[in-house]
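Listed next: structures, encoded as C-alpha cells.
The two complexes that follow have chain A in common; it is paired with chain B in the first and with chain C in the second.
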Partner chain A sequence: MADGTDGFAVKLWRSRSGRAGIILCSLIVLAAFCAPLITLYNPLEMGVGTRLSGPSGQHPMGTDEYGRDIMTRILYGARISIVAGVGAVLIASFVGVNTGMVAGYFGGALDSVLMRIMDAIISFPATLMAIVVIAIIGTNSLSSILAIAIVNIPTFARLTRANVLSEISKGYVEANRALGFSHTRIMYQEILPNVLSTLFVQITVSIANAIMLESALSFLGLGNPPPAPSWGSMLSTGKDYMLYAPTYAIFPGLSLTVLIVGLYLLGDGLRDVFDSRQSGGR
Partner chain B sequence: MGNSAAILRVCNLTVQFQMAKDTVHAVNGIDFELNNGETLGIVGESGSGKSVTIKSIMRLLPTIPAGAIFYNDEDLLKLSEDRMRDIRGKEISMIFQNPMTAFNPVLPIGKQIAESIEFHEDVTAQERRFRVFELLSEVGISNPEYRALQYPHEFSGGMLQRAMIASSLICSPKIVLADEPTTGLDVTIQAQIIRLIKQIKETRQMSLIWITHDLSLLAGLADRIAVMYGGRIVEQANVDALYERPLHPYTQGILASIPTLSTDRSSLLFSIPGLPPNPMALPQGCAFCERCKEAMPICGDRVPALKESKNNHLVACWKYESECGGNE
Partner chain C sequence: MIPAVLVISFVVFMIINLIPGDPATNLAGANASEAQLQALTVKFGLDKPLLHRYFIWLGNFLKGDLGNAIISDQPVLEMIGSRLGATVELTIVATIFSIVISLPLGVVSAMKPNGVIDRVSTMFSAIFFAVPGFWLGILLILLVSVVLGLLPASGRVAFSSDPIGHIRSIVLPMLTISLGMAARTIRYTRASLMDVLSQDYITTAKARGVPKEKVAYRHALRNALIPVVTIVGLQMGDLFGGAIVVEQIFAWPGIGRLVIQAISWRDYNLLQGTVLYIVLVFMVVNLLVDIINAMVDPRIRLK
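And then the complex of A and B:
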C-alpha cells in the first residue's frame, strides 16, 4: 500500500521468515483438519497395533502403550492445540484490547485501576496462574482455554494501552474531537486501525505461547482429560517409556516444536511487513 | 460592535491548568465578540493564550474554563457533552495548524472527510460521496474521485491543508476557527490557502476567527484584530486603525519589527527586548511592563483594563487611562 504496488500477502511471502512461517503453519493446520484423509485409524481406538512398537510401514510413528497409532493421535491432537491456542488468544485479545483501549483513552483513575488489575495478573508466573484458575473452575476442555486466555489478557491490555497513548497525542485525535465524533467512534474507528498492525504480530506470538502453555498444562494433567489425544499428555506418558520406545515422546515434542517455530517465524514476517510499511510510508 | 449581530460572545474567559506545583495562567479573563460574517484575527506570540482561547470555544481542553462563551444564546461552557458534540463540526469547526498530523494516517482522505457528514447528517452514501467530491474540487483539489481514495502520505502539505479545509467545511458550519492554518506551509502556498479561505468564507457567509503570530498576514484578511499578550487581550481594533495607529506599546513593537522594503538594509532589525512572561508566574501588574519602554510606576502594580480609547479602538494600557476618562 505504501508504494501502491504490492499487496500485503505478497510482501509477507517475500520476507524469508514470513514464507517459512506460512509454510510450517499451514502444513500443520492442513494436516490437523484433513486428519481423516491422511490416516485411517481412530485416535481413541486401542490395539490397532502391537503396544509400544517403533515406527513401521503401518504405523509411521509407532504405537503407544495401548496400541493406539501415534501419528493419528498427533494429527488429531493438533486440532486440540490449535483450537486451544487460537481460542484462548481470541478471548484474551478481545478482553485485553478493550481494557487497554479504555484505560489508555480515558486515563485517570480508571486507567490506574484497570492497569493495576493487569499488573496483579502478570505478577504470577503464567503456568502457576493457569493452574490456579483451573483449580478453581475444574478440569475440562474449556477450562484450560479460559485459564490460558486469562493469563494472556495483560499482554494485550498493556500493548494496546501503550499504543493508544502514543496515538492519542497525535493531531488527528483532536481533529476528530473537533469534528464532533463520539469517544466510541474515535476509539474503535480511528485509533484502533492504527494499532492493529502491532496487535497482529502480538496475536501470532501469543498463539504460540498459548499452545505451549496448553501443552504444559496437559503435561501436568490439567488439560484435556485422558483419552483425548493431547500433545502435552502424550509427552508426559511418553517420557515414562523413553528407554523402550523413544519415538513415543519424540514425535509429539517435534510436532510442538515445528508449530511453535512456525508461528514465531510468521510473527517475525508480519513484523517485517508492517515495519517496512511504516518506514516506506513517508 | 453591535450586540445584535454577534454570533459568538466570549465573556471573562479564564483558563488555568493545574500542574504538580504551579498553576499555569493560560488565559486571564478575556472578552471579545465575533460578529456575523466577520473575520476576527487574534495575534500573539507562543504562550499568549490564543490557541487555548479557541480550544476553549470548542471545549477541547481537559478542563472546562471559567467564564461564559455564548454561541447565539447558548453558553457553550454549560452545555452537555452530547449537545457539544452536535455543535462541533456542524456549527463551529476548526482548521488545525499541522495538516500532516491532523489526518488519520491509515484511512483514505475521502473517507475522513465524509465521516463528519455521516456523523452529523442523515444522508445516503451516494450523496455523501458526491458532496465530498464537490467540496474537494471547490478547495482546489483536481481529480477528486481519484484523490479521495488516497492516503494522507500521498498528499503534499498544501494539498492536505486544502483537504483539511474541506473537512472543516463539509457540514457548512457558521463559524470556522483557524489555528495558524498556514504555519507549516511554503510562502506561496500560504498565499493560496489564505485566498482560498477568504473566498470560501465570503461565498458561504461564515464567520471566521484566525489565529496567528504573524500580524502582517492579517492585513488583507481580517476585519478586526485582537492582540493577545500574557493571556489577556491588550488591544483590539479594526484592522486599518490598528495598522495606522497602534496604541499599545506591544502592538507598536510588533509592527516595528516587520521589515519593509524601505528598511535600511545595513541596520539591525528592530526587536522587542526581553522575554514573554512566564504563565506560571505572571507579574502583578501589566504583563508587558518589564519589556515596555514607556513603563510607569503604576504599570508594575496593577493590571490595566481593556477600555475604549476612541471609536471602537480598545486598549489595555495605563498610558491611555486619562484619555479614556480619568484616573481613579
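And then the complex of A and C:
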C-alpha cells in the first residue's frame, strides 16, 4: 500500500479527467469560500442595483427581482450546495459503510434485517423519498441535507457489503480470526482499508448527485428557505422572470453544471488511478 | 409480490402519518369552533388510533378505494386516474425518443471507437449526463419559446380539442427528459457492446469468416442489450411515478405535480394514495425489467 500512496496525487494529476476535475472543483470551492474577497456586495442586501438588470460592469451577472447582485448570490450559494452535498454524503457514507460492514461481516439474521431496511428505502424513487422526508421534518437548512443523506445510505451499505463479502472469502480474514483479533479490529483495520478505493469513487459521484438533488429540492421550494441564495431557488425565481431578465436563470444553472462536471471528472480520474493500481499491482 | 405490497402500504401509511400538522385543523381554519373541529376529526376518522386507521385504509385499498382527497373531496383514485394519462404519455414518448437517438449512436460508437460519430456522441452524452434536467428545461423554454417563439412554454393542450397544439405542447418536456436519458443509454450501449465485441466467441465468429456487420448485429447486440434494457427500464420506472421536477417546470398535469400539490395542500389522503401508487408502479416496472431480461438472456432464470 505504501508505495502506491505517495504517488497517488501525482497519478491523479497525470490522468486527464482527474486533473480537469481537480481544477474545476478547487476553483469553485475556492471561489465559494473566498466570496467576500471577490465581491463587495452582501448576498442578502436588497437594492444594490436596479431590479432585474442584465449583466453590466458593476454587476457581471446582473441583478435579481430585489436588486440583489446575482454573482454575489451565486458565490455564496456555492457554499450551500457544497455544504449540502458533502454533508449529506458524509452522513450517508458513515451510516451506510457501517451498516454494510456489520451486515456483510456478521451475516445471518442481522444481515437480512439490515438489508431489507435498505431495500425499503430503495423501493422509493430517490426524489420522492427526499420530498417525503422533508414533508415530515419540515423545510429548514438541515432537513434537505438529512433527506439527501437518507436517500444515499443504501448505495453505500450495498457497496460496502458486497466488497466485505469478497474480502472475507480471501484468506487473510480467516487468518486474522485465527490470530484472535477482535471483530472491530478485523472490520476496521484489516478489511476497511481494502475497500476504501471503491468507496472514494462512489463518494465523489454521490456528492455530485447529492448537489443535483439539493438544487432540485430547492427548485421545488423544499430546500433552504428564502432569502438563502441557494442555486435551485434562484433558478426557480429566474424562470418566473425569464421574459424580463433572461440571464437570471442561466448563471445559477451554469455554475451547478460546472460543479457537477468537475465532480464527475474527478470521479473518473479516481477510478482510472485505482484501476491502474489494481491491474498493475497484481 | 403480495407480502411486498403489504409491507410497502404499511411503510407509506406510517411515513405519511409522521408528517406534522393535522388536516382537520388545516381545513377548518383558524377561527373554527371546537365543535366544527371535532366534527371534521370524526369525519376523517382521525379520532381513532393510528394502527386502527391503517387497517381501515388497507381494507378499503384492497377493495380499490383510496378514500377521498381532503381538500377537493374527490376520490383519490379518480384524481390519480385523471393525471395518469399525462404522465404515461410523457414517459412513453420520452423513452421512445431517447432510444431512437441513443441506440444507433451507441452501436456505431462501439463499432468504430474514436471515429467521428463516437467522438460526437461521447461529447453529447458527457454534456447531457451532467446538465441537470431542470436547468435544461429552462434553457429550452428560453431558447425555443421566449427567443424563437416556436413552441408553448408550459401547459398541456388536450389532444381532443387541438391535436397539433397537443403535439406542440409535449415537445419541450419530452426533449428535457429524453436528452438526459439518451446520454445514459448511449454510455451503457457503447460500453456493453464494446465489452461483448472483445469476447472470445466474437473472435471465433470473425475467424470463421462471418462478416463484421453480421457478427455485430446477430451475435453481439443481443447480449450487449441486456444491461441496456435494465438501465432504460429503471429510468422508465422513475418516470411512471411522474417526472416531478420536469412536470413542475412545464406545468405538465401529471402525477409528479399531484405529489407536490398534495404536499402544499397538506392533503394526507391524497399524498398517501399518490405515494403508494408511485412506489407500486416502481416495483412493478422493476419486476418487468427482470422478466424482459430473462426473455432476452436465457441464462437468467427467475426465482
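Basically, the second predicted complex is superposed on the first by the 276 of 282 C-alpha atoms of A that agree within 3 Å, B and C clash if a C-alpha of one lies under 4 Å from a C-alpha of the other, contacts with A are read in each partner's own complex, and residues count from 1 in each chain.
Quick note on the criterion: a residue touches a chain if its C-beta (ideal position, glycine included) is under 8 Å from a C-beta of that chain, and two chains touch if they have at least 3 such contacts.
Note that the structure is predicted; figures quoted are calculated from it, not measured.
In this superposed model built on chain A, chain B and chain C occupy separate space and fit side by side. By the document's definition of touching, of the two partners only chain B reaches A:Y172; chain C does not. Centred on chain A, the angle reaching out to chain B and chain C in the chain A superposition, using CA centres, is 100 degrees in steps of 10.
Look at A:S112: by the touch rule set out above, it reaches neither chain B nor chain C.
Look at A:V261: by the touch rule set out above, it reaches chain C but stays clear of chain B.
Within the superposed three-chain model, A:P246 lies in touch with chain C and out of touch with chain B [touch as defined at top]. More residues of chain A are touched by C (comparison of chain B with chain C). By the touch criterion defined above, A:F181 reaches chain B but does not reach chain C. Residue contacts after overlaying the shared chain place A:G138 against chain C, while chain B stays out of touching range. For the three-chain overlay built from the shared chain A, the minimum Cα spacing from chain B to chain C equals 16 Å. Touching of chain A by both chain B and chain C, each in its own complex, is seen for no residue at all.
The touching residues of chain A, when paired with chain C in their complex, are 120, 123-125, 127-128, 131-132, 135-136, 138, 212, 215-216, 219-220, 232, 235, 238-239, 242-243, 246, 249-250, 253-254, 256-257, 260-261, 264.
Within the complex formed with chain A, the chain B residues making contact are 58, 60, 85-90, 93-94, 96-98, 100-107, 115-116, 119-120, 151, 153-154, 164, 167-168.
Remark: chain C residues 7-8, 11, 15-16, 18-20, 126, 129-132, 134-135, 138-139, 141-142, 146-147, 237-238, 241, 244-245, 248-249, 259-260, 263, 271, 275, 278-279, 282-283 touch chain A in the complex. On the chain A side of its complex with chain B, the touching residues are 1-2, 4, 170-172, 174-182, 185, 190, 193-194, 281-282.
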